[in-house]
Amino acid sequence: MANSRFAYVRTYELPDPMLPGTFPIFRLDGHSFHRFSDVHGFAKPNDPRALQLMDRAARELMAEYPDIVLAFGESDEYSFLLRKQTTLYNRRQTKIVSTLTSYFTSCYVFHWSTYFPDTPLTYPPSFDGRIVLYPSEREVRDYFAWRQADTHINNLYNTAFWALVQQGGETTTQAHATLRGTVSKEKHEILFSRFKINYNDIDERFKKGSVLVREEVKNLLGDKQQQEPQSQPILQMPKQGTASKREKKRKAAVNPPTKIELLHCDIIKDTFWEMRPLLHLS
Amino acid sequence: MANSRFAYVRTYELPDPMLPGTFPIFRLDGHSFHRFSDVHGFAKPNDPRALQLMDRAARELMAEYPDIVLAFGESDEYSFLLRKQTTLYNRRQTKIVSTLTSYFTSCYVFHWSTYFPDTPLTYPPSFDGRIVLYPSEREVRDYFAWRQADTHINNLYNTAFWALVQQGGETTTQAHATLRGTVSKEKHEILFSRFKINYNDIDERFKKGSVLVREEVKNLLGDKQQQEPQSQPILQMPKQGTASKREKKRKAAVNPPTKIELLHCDIIKDTFWEMRPLLHLS
Amino acid sequence: MANSRFAYVRTYELPDPMLPGTFPIFRLDGHSFHRFSDVHGFAKPNDPRALQLMDRAARELMAEYPDIVLAFGESDEYSFLLRKQTTLYNRRQTKIVSTLTSYFTSCYVFHWSTYFPDTPLTYPPSFDGRIVLYPSEREVRDYFAWRQADTHINNLYNTAFWALVQQGGETTTQAHATLRGTVSKEKHEILFSRFKINYNDIDERFKKGSVLVREEVKNLLGDKQQQEPQSQPILQMPKQGTASKREKKRKAAVNPPTKIELLHCDIIKDTFWEMRPLLHLS
Amino acid sequence: MANSRFAYVRTYELPDPMLPGTFPIFRLDGHSFHRFSDVHGFAKPNDPRALQLMDRAARELMAEYPDIVLAFGESDEYSFLLRKQTTLYNRRQTKIVSTLTSYFTSCYVFHWSTYFPDTPLTYPPSFDGRIVLYPSEREVRDYFAWRQADTHINNLYNTAFWALVQQGGETTTQAHATLRGTVSKEKHEILFSRFKINYNDIDERFKKGSVLVREEVKNLLGDKQQQEPQSQPILQMPKQGTASKREKKRKAAVNPPTKIELLHCDIIKDTFWEMRPLLHLS
């Protein structure tokens, strides 16, 4: 075949397996989203539509890839925990990173108009992705604690900052100067004394970020009744999506029916993890 | 800061620089596009709209990333040659793969309705990406020859196959059986004797795939007049896109104005390469 | 400086850090030791001098590198467990593998004449080395169990094989044929019924391999009295060896005085590990 | 088999192939050789015995591994160029680095007494090794130029430094101070005016380092007559060494008879390379 004398170039593709027995965490970050949020008029400090769109794309990704058991999102980033034992794409790192980044991006653009019905997308947004491997549960928990602590720090700062700008009439330069060197407590006080904002009353979504967790459906009916109305779980059923037959078979074997819950709760303390022993085995 | 005791988890992110002095080739493949093309009614064996959409996304990617100097696409895959000396994202491999895959995907979904005005996208498509490094021009040329030879082989097979099915009334199983073991010449003959199809008359786009090549604009005006009407070059100007300021400065320094030409020509023989000495230096 | 225009070649050296939080196990294997053992007249199936020389080189390696806390050897191979938290050579994998392999080899040649006083070394032996990373204690224990189970299987086979050849007068081909398909019990029986060899009476060194374990010296004097005469511990004191000042300072900080014990005991069952909680933290 | 439930630990060993089509350069460095040279009374600034021992070990390594076509040594380091097309150990990087480092170390210790008949080795020396991949001949030449330029710079400095100390009666601190900031020409002058040393008269070995190059033996007899008496070539014949049968067959297939020449010549300028077209194809 004419092709064969060129086919040697395939041998230059090197293997990149992820170390077995480690927990892969996949993280996405918006590429140049500062500009993207300006162009598309995102509300400051937090735009609920933009956050819900991120949550939606993340949820779709989890629905498509059952090996993702937990996700955490804030602002324009999202982290996903894969099962330690995952054999997705034979644990080929680049294949996983690129495919997951692609599907998330695709969902983001695809669902844009649902969350921004009056704001047409003016150019295609993009994300970068990476995978970091963690050897033990301790590190996995600390990773998610790191992201949620970051959410808290950023949100407090941004809330104070935009209050100073939007309500206090400061320029952005002045606002940064006002906040320079202030500790947490002082930011709370600025918010309260100058703007009557009690930080504790702010939407949990903004303060805690978004937690998507895959839960087993034990009693389908009973479970449905208990669940908070706002959590909109997706029942993980074999879906009419892009998954190949092989993917589907893999899913079926792995999965009892699960649903994906959206929460805005603390994941730094032990409670969240103690209630979900499955995450420990993942 | 509360964050600091968790921040150690960052140290688990390992470096993945691409070897300096090598030519990076980035390739995308559609994920489960067999199904995607069925669901969206792609014409067989080739759907011009689908190919043009791929070309469009590829062109936008090249416009966004000036270090891409050449691209080749067929069916649901596209390959991109980056300059040997590229310092894009400090040559971090995963960052490059994930970002480029993401942007291409985003463009594909964003521009879908332009090419499929009457076919709504029913679910979000995705792509996987990879980078392979080649040490020399010889291997780069052989890589592109490998892809174009593959285009030829596949297209001849598919053209014959779908003629047998669509015009010859064979089932797909029968058509595969008819073609089993046939050489190139026999497929030509089946096409001609049974369906009056002269394979040589088939659209070059289908036989040769799509070549996108970045060319320097020497004489902007004169050049514009010469260019074939169908090639629709994008003049590479500082664009209002997602690029950060730093990206843009980098581009400006690197670039004399360039345009991206779409061709459907042979890239296996020497002529294409001899006419483009810049690719040799890349 | 004349050197500077060439110095760019240094940038081609890529980083290769070991993933943090994992247990590195370094394993050495003799290169073409079948031939080496023939040329130097090693006794079959086991040559105590050769095994003691391996143990000696391994012990010296542990004395030189305090981050090695456990080692296991059989035949011409040796495995070394490094502390999970080791920062040796900044966890650069190739640096560690090459240096440890080099030092072990050097010790092997250096101490040859002590263990083979009447057999001059006729050519320089060599070893290959590798590092495998394990995320948890479970896998570390299974790794060592894997090696010790291998020792058992090989030694039983070899003991029976060489009995058949040396005492039974079979050719090596015949001996292999005699043993083909036999299970453990049958080999025991061949040994006992034909050669009056009770496999259980064979030297533990041959059956169990060599275990070198670093133990803390709590009561230096008392400890010395208890220890079995054959174990020849090396008291880990700052030594006049090849270690750089920086190495030494690192050692001093890390180390309470330790000694390295040589054992020929079971490391598959729990007892060994339960008695050494320090290995769990390593 | 008892072994099988543990054997999964093997899957944690990850592949590390070297990129095809690149030139591997393997470099060894003495570990803590400052101390080693003090303890063993190496002459300063250069000890011919020590350098000859390095050359000997390097030559033995080349004799054992025919894919090494060129080597360059200075002080306690040595670099080895492998053929671009080498398939040694399936291009597994760690296997190559560790085995070559081990064999070199072994040769160094094994041949010690030949070069230091009156100086017993007091402890086992070690080396670290690394492999760097270069995509083209340009970089390979610049690599060797980099090392030879380094030899020149170091040797001039050390020659001046030790003249100041040994003949000028300066302390080492004073000598460093005397030389601080001096350019090449000034060091030449110090040597000549104060110590009557004409740097140009110094042994080429010290000024240029050691070059070991594999040359094809075209006319075995004629060739032998031409060769300078001091170069002691090793005729590369199938040897009684550690090589496995498979290794040997590989060698035989690859090799016309070659010999390894030791030179102390310039390898920065073109002449050396133009005379050896085989190195270009390597």
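Going in written order, the chains are labelled A, B, C and D, and every chain counts its residues from 1.
FYI, contacts are C-beta pairs under 8 Å (C-beta built on N, C-alpha and C of every residue); 3 or more make two chains touch, one makes a residue touch a chain.
Everything numeric here is computed off the predicted structure, so don't read it as measured data.
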Those chains which touch chain C and also touch chain A: B, D
Self-contact between copies chain B and chain D, residue sets same or different by half: same
Chain of greatest Cα-centre distance to chain A: D
Distance between chain centroids, defined by C-alpha means - chain C, chain D (Å): 30
Interchain centroid distance [CA atoms averaged], chain B/chain D, Å: 46
Distance from the mean Cα position of chain D to that of chain A, given in whole angstrom: 53
Where chain B touches two or more other chains, by residue: 12, 14, 19, 21, 133-134, 139
Contact graph of the chains (line, ring, star, complete, other): complete
Of all residues in chain A, those that touch chain C in their complex: 19, 21-22, 133-136, 139
Chain B residues within the chain C interface of the complex: 11-12, 14-15, 17, 19-21
Touch list for chain D against partner chain C, complex: 1-3, 6-10, 12-14, 31-32, 35-36, 60, 93-95, 97-99, 101-103, 105-111, 121, 123-134, 139, 142-143, 145-146, 149-150, 152-153, 240-244
